[in-house]
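Letters A, B and C name the chains as they come in the text, with residue numbers starting at 1 for each one.
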Amino acid sequence: MALFAPPPMYADPTMAADKQHAFNPYSENGGSILAIAGADFTVIAGDTRQSEGYSIQTRYARKVWQLTDRCVIATNGFAADGNNFVKRIKQRLEWYEHAHQKQMSIKAIARLTQTMLYGNRFFPYFAYVILGGIDEDGTGAVYSFDPIGSYEREACRAAGAAQSLIQPFLDNQIYFRNQTPAPGAEPFVPGRLPLSTVLGLVIDSFTSATEREIAVGDGLELYVVMKKGRTTDDLVGSDNLIKNMQVQELGALGEGGSERTFLVSLPLKRD
Amino acid sequence: MNQLHSFQAVPSTRNAFDAYSTLPEPPRPQSTHAPRAHTQQPIVTGTSVLGIKYEGGVMLAADNLASYGSLARFKDIQRLHPLGDNTCLAVAGDMSDFQYMTKLLDATLRADRSVSLTDTHPPFSPQNIYTYLSNLYYARRSKVNPLWNAILVGGWDKEKKESFLAYVDLLGTTYSAPTLATGIGAHIAQPLLREAYEAKAGVDGKGPLLTGQEAEELLDTCMKVLFYRDARSLNKYQIATISNDGVKISDSKSSETEWGFAEGLRGYGPQTQ
Amino acid sequence: MFRNSYDSDNVTFSPQGKLHQIDYALEAVKQGSAAIGLRSKTHAVLLTLKRSTGELATYQKKLIRIDDHVGVAIAGLMSDARVLSNFMRQQAMQSRMLYGRPIPVGRAVQGISGRAQNNTQQYGRRPYGVGFLVIGRDETGPHLFEFSPAGTTFEYYAHSIGARSQSAKTYLEKNFESFENASLPELINHGLSALHDTLQQDKFLTIQNTSIAIIGPSSDEVEDISISGAAKRGNFRVWENEHVDRLLRAWRRSRGEPEDGPQEAAPAPEATTEGGAEATDSTAATGGDSSSTEAASAPASGDAPSSGTGGSGDDVEMQ
């Protein structure tokens, strides 16, 4: 992930004086994204603040997008690159549907994402991409990418301005790093936590990141993709975790009657 | 931080000849066989522009100055450009890129209008124009040959009966918010705009919006503050009002200013010591 | 075989002011099986009769989705249809990408008619051998257009193209005044009745040979929206095979016929062979071959050889 480190945000002004002044086609628009896979669901989330340096450009800009009935994409980094990358990938998915009369699997979308990112190897999309969804076996899946297309499937991934705050927390809570099972207890297996626990982790990650990272805040959009036939009671039925939290089911994009996607939105602090 | 996004002329070098950064001209390449150079900086520039949603539509404000570096070169330039019946642009940055872009957009809209004579399909909505602009600006930045502008698109969508306000700049960066300001205005005017907007509409924006009169007075205040603090601004500006009735661009107007306090400031007027 | 000296290229007028190659291309459309389109003030629908090349073959699709709000039915050369519908998809996507706006339906049709016209004016090119019925919905409401290889487009309340489409046209002309305010099930029933009229006497509409496309709000009377996101949103959707059963049953009920429909007699074995042989013939000489042309345009004589459920002269390419 360090292959493409962003330029330092607050450059020393004395350095600018003796440098050739050239057009810089990149910017960095803050925010953070995060995805966690469960056994039969995936949660993928992003905050809605878009900023540049110390300025908040808008308090509501989307970073997470539904691609198919079983795949959601999140981008972070340079917003213009992220938005245009999503737009291009949606185009490719439409042509795939024209040709095959079905939606692309998350595994295939992941490989497509790699090809498209690496295709811009020498003028990269400055976008960290995370895919979340349900794979062909009905298991929750998360794929994470660097801006030039290196990717792997994981149980969870955080990216963006608060990556350094959130990822260690997830390493501990999802991968059970630095935890030891009680003597005689079952060994830990990542990717098997219940939805309510995962939702709590995601929301805590973002509220905490909002406290300590100026580029994160304003609002949280959290997509839950559920396996075909899975109960939705633990999301829509329960007395929800936080007030002001809204849950809405997104209609099927394809034939329907299979995987279901929900959008959970809640406010984050605006300061 | 990033000097690229303020539209005061940013010289490529600071040296004894141009100690105060007054010249926008880039240094000429030594070789005559240099590769074709793309725009690396703006030349004749307009400073920041403002926009706000009010109860019946959107208002935009821009002053009448086009600067050549620190020189106030053209003082009667209109930087508000109506497009069709229900959309208006407010443009900051390079004025020649602004003129090129408006020519392109006007042609696109004219072509669409002539086709719509045969199928009575409604013309481009503000959102359609904004999408086109975003694609244009992102495509040009991706060729590393940007159109050096920051643009506010204000509009009234006649089909949806709602207002539209969004931003796009030379990087192809896009966003939308109920109040917007570019360049130095993002630092000086945007906080004032947000404060006034949220005072009525609330932080969730669900309360009542400012009335037309309140919005115009707010923009007057902001343009005055910008004139006090932005060295590349002019106390002569216009306001565009976009509503269901169409686009109305005001005559140029000025704010009442008070400079008496400045007499006591060192650096203003004749030096006393 | 009849020949004339003005049909060897497509850019020379005959003394009678005709471009014969274009007339031949229009014949190719007539050889495709029937497609019917009709619209109300809320919906536009397409109904097509599918053919298969033989007992062992699947039925060839005749309905193509262009975008959420546009779709086409084809009659004529399938391969030409693919080129043109791909072009329409590109145009539709360009409109969405560049302006964020679904392409106005009429302009999508203008796009292909421009290309088709080009082929009638450039030496060394041939006209497209396919006709389209295009349905769509935009800010000006639902639409139905016809595109023909001559490069013309017309808008219709109801229209039919392909083999024996004149019978359908007769039905549509008799009934079109009631289409404007028809509900979706009524509109589909009218369409199926018109489609039924294009069949030969011993043939029936079945779930194998009938496919229906709809644009406009869904109706749970005839549609199962739980299996179609497109239906739920009122976008272009196709109902065929087992999913068209409900629509066919509703139509039979409306005509007071037994809901299960008449049981089709097994096709005579010699008819299949004959049809297959003929297909090979007409593949070799498309358009100019008058034998297949005559077969298709001949009045329904009842004893014409046929292999499929459509008109006679079944052809691998003609759909």
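What to note about this one:
FYI, a contact is a pair of C-beta atoms (placed from the backbone, for glycine too) under 8 Å apart; a residue touches a chain by one contact, two chains touch by 3 or more.
From a predicted model like this one, the values you see are computed outputs, not experimental measurements.
Summarising the inter-chain layout, the chain whose CA centre lies farthest from the centre of chain B is C. Of all chains shown, A has the CA centroid lying nearest to the centroid of every protein CA atom. Here the CA centre of chain A is 45 Å from the CA centre of chain C. Remark: chain A and chain B have CA centroids separated by 33 Å (rounded to whole angstrom). Mean C-alpha position of chain B lies 52 Å from that of chain C. Touching two or more other chains at once is no residue of chain B. Within chain C, contacts with two or more other chains are made by residues 97. In chain A, there is no position where the chain touches two or more neighbouring chains simultaneously.
Interface of chain C with chain B (complex): residues 97-101, 104, 106-107, 138-140.
Across the complex, chain B meets chain C through its residues 115, 118-122, 124-125, 127-128, 130-132, 135, 159. Chain contact summary for the complex, chain A toward chain C: residues 69, 87, 91, 94-95, 98, 251-257.
Of all the residues in chain C, the ones that touch chain A in their complex are 65, 89, 93, 97, 225-229, 232-233. The residues of chain B lying in touch with chain A in their complex are 1-5, 10-14, 38-41, 138, 141-142, 144, 146, 167, 171-177, 186-187, 190, 203.
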